[in-house]
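Consider the two complexes below, in which chain A is the common component and chain B and chain C are the respective partners.
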Partner chain A sequence: MDQRFTELLRPFLKFTPGGAAGEPVAITPETDLRALGIDSMQAIELLFAIEDAFAISLPDEELNDTTFATAGSLWNAVAAQLTAPTGPVAP
Partner chain B sequence: MPETASAREHGARPGSQAAPPPSPPHSQPDFDALDALPRTATGRELWTALGAAGLTAWCYRDSGTVASGVHPDRLARVLAAADARFAIPTTLSASVQLATALPVLATDPRPLARRELARAVAGESAVALAATDVTAGTDLTALRTEARISDDGVEVHGAKAWIANTTTADHFLVLARHRTGRHFTHFTWVLVPADAPGVTVRPADSALFGSSGVGDVEFDGVRLGREHLVGRTGMGLPAFARHIATERLAGALWGTALCRRALEDTHRHLTTRAHGDGTLWELDAVRQRFAACLVRVRELHALSRQLGDRVAYAYDTGAAATLKAAAGATVGHVLGECAQLWGAAGFTTGGIQETRAQAALFGIGGGATEVVLSAVADTAETILAELANDLAGPGEDAPACGGALPKAAATGPEQGTDVPRPGLGLPRPGGGEPADGLTCPGGGASVWGGAPLDVGEAGPEQGAEARQPGLGLPRPENGQPAPGGGQLPPPARQNLPHQRGAGR
Partner chain C sequence: MTGTFAPAERTARVAKVAEEHLARTDREAAFPVEALAEMRDSGLLGLLVPAAYGGLGGGPADLIEAGMALGRADTSVGMILAMHCQQAAAVVRYGSEPLRADLLPRIAAGQVYLASVTTEAGKGGHLLSAEAQLGEEAPGAALTVDRFAPIVTGGAHADGFLITMRSPGAVSENQVSLVYADRAQLDISGSGDWQPLGMRASHSLPLKLTGSVPAHQLLGGHGGFHEIAATVFGPLAHLGWSAVWLGTAAGALSRVLRLLRSPESRGRFDITSELLLTRLSRARQRLDTVHALLRHTLAMVESDGDLTETRSQLLLNSLKITASEQCHAAVEDLIDAVGLRHGYLKDSPTRLELALRDLRSAALNYSNDRLHLADGRLALRDQGVHFA
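The block that comes next holds the complex of A and B.
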């Protein structure tokens, strides 16, 4: 996963010590986003943050609970847009 | 300027309206068009007048571009002007369209939405925001209204309750689910013509809010083309979460105007009502109660000034919840005190007691006080960090809240980071996962058009807000935000990065 992606993701994970005392928990593709504190409102803000940061729009078919289940599944959806023929949204 | 995700709620871009709205006034609008209406004007009559006079367009940035967002000062002036002339239900009718319905519609750049948006801005049509379902408004992700989407079109089934503008709207902007389940991506907006086959409207049984057109609406297999889908499929709740924040800001702005008006009327009453050798105003007990109300309304006004731009320009949902909570409490207190100070005279038709009853809306619609307080609680660490930063003063390092704040959370308004900081890494009391499906008994229905609940699942997690500390932005005359929260001297306001969402 892209480091920029994990750095963007980390502040949303309320139930990890990342950003607080102690060593940050490693974010892996298996990291369960819901279990680590991303509720609906958090996920909405995360979605906006990702689309802003990477200048992409996740396609409608990727807007589902499976995409937002783990860090890996979300990254896969993001990465697919970054490598898509149209690429990121032009500034 | 790079396109942002906000603008991509459905690929909307500033300037995407179909036709230019009526020329908005530049800086000093006159409200003659409102003066021409009777005091008993309905919400629809007010909406028509606002649009025809260009006042609706005037409420938005970038020369009246709805997709750019509201101009908070102008929105405040229009709401205050309406409040000064008409009853609460009438102003409600316009407020919910200005703050939420039109901005949601503006997220779609396609021809149908653009055309209807332009008509609404011109006051030629009215749009009812139909979010609250027949299920509890506090449990938005449980809503039942369905949008069955196929290659051929969309079919809407379900019902909405206590929706402002229901009996007068030309279109319903319907929040519906296109999948089962509660996930936030399972919801989509549909623009439903009020005269479409299968739409049935019933006025609500309400003596207090009739002029807002409040009512219930059923959708019985309403078949429409796919062009009636508004925004990206699956982005219904994200769009709602953003724009209900503006409605909460509008509630605080309007609430301030309402309290001021009620206090002015009450002051006039007290200073002319004979008591002994003088008037009621000379009684210390009366003066102190009145003074306490002045303090409360000043607090609300100051809070609106401090947080308003964070909502209008950065969609800060935590700031919006704070404003909504404050508005509900302040309006309830001030109107209650005014009603008491009026004595028996307050019970006249259209008097302060009637206004007080209608003003209870401020604690219910657009987010019940209990719901928005839960959302404020979710931002506790951020609020404490911001206060610590403010108290530390310029050039000082703020003490970290609980010793656990990430650097970004303590940087204050001047830093203007674009990245939301939703969590501060602090464990919740009791820890554990949020429980889905809880409801808030204080929620109730939303005649503001939006559901009273944030879209979070439930319990402590419900309506968790984006943490974007440090976005208090002053507004120069051009309406663009200048970071610094109004605290920086003019030179420091320059050359600072605009905040997320600014200028769109």
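The block that comes next holds the complex of A and C.
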């Protein structure tokens, strides 16, 4: 996963043990986003943040609970747009 | 489902008993024990239990047929069955084999009526979060339950409970586990009085539950409730409840039409009144709309697609919101259509007064306000607006 992506994700994971005050914890592809605080409203805010940061637009069919389940599944959806033949959309 | 089981006949038996006791259960806010006894005897509690476990092997289509039929007789009884069936379906799909082997035959035999314990003080109706934490000394060890719930429909009469609790070791309230407990495995204390506007026979009391259950009574693994809610609880709740509400409003319309057409009433109502005709039309239009939406949503659920998809969740929520609003509005139309004597008084054979009180709960029973917030977020995920 891109470091820009994990850094962007971090502030959304409000329940990351020790994440707020202590050492930054590792975000792995298996990191469970829902368990760590990303509810349906946070998912929308995270989506906007990702689309702004990477200048991409995630397709509607990717915007489901499965995509937002783990850091890895969300990154896969992001990465697919970064490498899409048409390239990133203009910011 | 094959004709051998004749679920319609079983439902009709329950509806008949429910209707016999309706006036008293509403007046006294008493649980419909006679109708529950008939659900046990008729096998209807096993409606969604597979035949291999002794049940009727029914599916969502059978649930909505039963819901509509019972709703015509008594909304409370219809909701009691619909909620029980949604619990049973969760055991069928997510129960461990030892739990299924123990529990499903008892449900099918009418020995176990299931209640749902998902409400919790202080979480404002959030189904998918939990405060009280499930105890687990070690993985695979017994699970300890210590839980207060402000509203448990039929809690005083249930033989088993499906209980949501925060998962052991959870770091957030979003990690929720679902466990089954027999009444005998729990110490249950209840308190308080049930004196609602409508749904008076659903007898929903606050309960405190404490006890310990073996690990195999966990459904869907720790943290598994989110998936159970998305695939079983949500879809079957919205289908089942909407069917019951539609049945209630359809029963009300039917009784109004019988009144208008009865020989005794001729001359009391001007059936050429354009206002009366328009109000009847409006009520009927609302019910046809709900019925069409119910059938369409049923077809989606039966197609075995992914019910967690955005468009599927939106449709399921739309069904619940629409049914709760339109069934209530249809009864309002009918009250205006027939006026004070038959629209507002308890002793009218139309039972519009009871239907209106019962259906007023529909928007609150999993609040439409909360569903609209969820739907607004879901809508933002689907800028192309794709329909299920």
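Assorted remarks:
Please note the rule applied: the second predicted complex is superposed on the first by the 87 of 91 C-alpha atoms of A that agree within 3 Å, B and C clash if a C-alpha of one lies under 4 Å from a C-alpha of the other, contacts with A are read in each partner's own complex, and residues count from 1 in each chain.
By definition in this document, contacts are C-beta pairs under 8 Å (C-beta built on N, C-alpha and C of every residue); 3 or more make two chains touch, one makes a residue touch a chain.
Because the structure is a prediction, the values reported are computed rather than measured.
By the touch criterion defined above, A:Asp60 reaches both chain B and chain C.
Once chain A of one complex is fitted onto chain A of the other, the partner contacts of A:Met41 extend to both chain B and chain C. Of the two partner chains placed by the overlay, only chain B lies in contact with A:Glu51; chain C stays clear of it. Within the superposed three-chain model, A:Ala84 lies out of touch with both chain B and chain C [touch as defined at top].
Looking at the shared chain after the overlay, A:Phe15 reaches both chain B and chain C. Residues 14-17, 34-35, 37, 39-41, 43-44, 47, 60, 63-65 of chain A lie in contact with chain B in one complex and with chain C in the other. Note for the complex: chain C touches chain A at residues 170-172, 174-175, 223, 226, 230, 306, 308-310, 374, 377-378, 380-384, 386. Contacts from chain B toward chain A in the complex involve residues 1-6, 8, 11, 141, 179, 181-186, 232-235, 237-238, 241, 317, 403-406, 408, 418-428, 431, 433-434, 454-457, 461-467, 500. Remark: chain A residues 14-17, 32, 34-37, 39-41, 43-44, 47, 60, 63-66 touch chain C in the complex. Of all residues in chain A, only 8, 11-21, 34-35, 37, 39-53, 55, 57, 60, 63-65, 67-68, 89-91 touch chain B in the complex they form.
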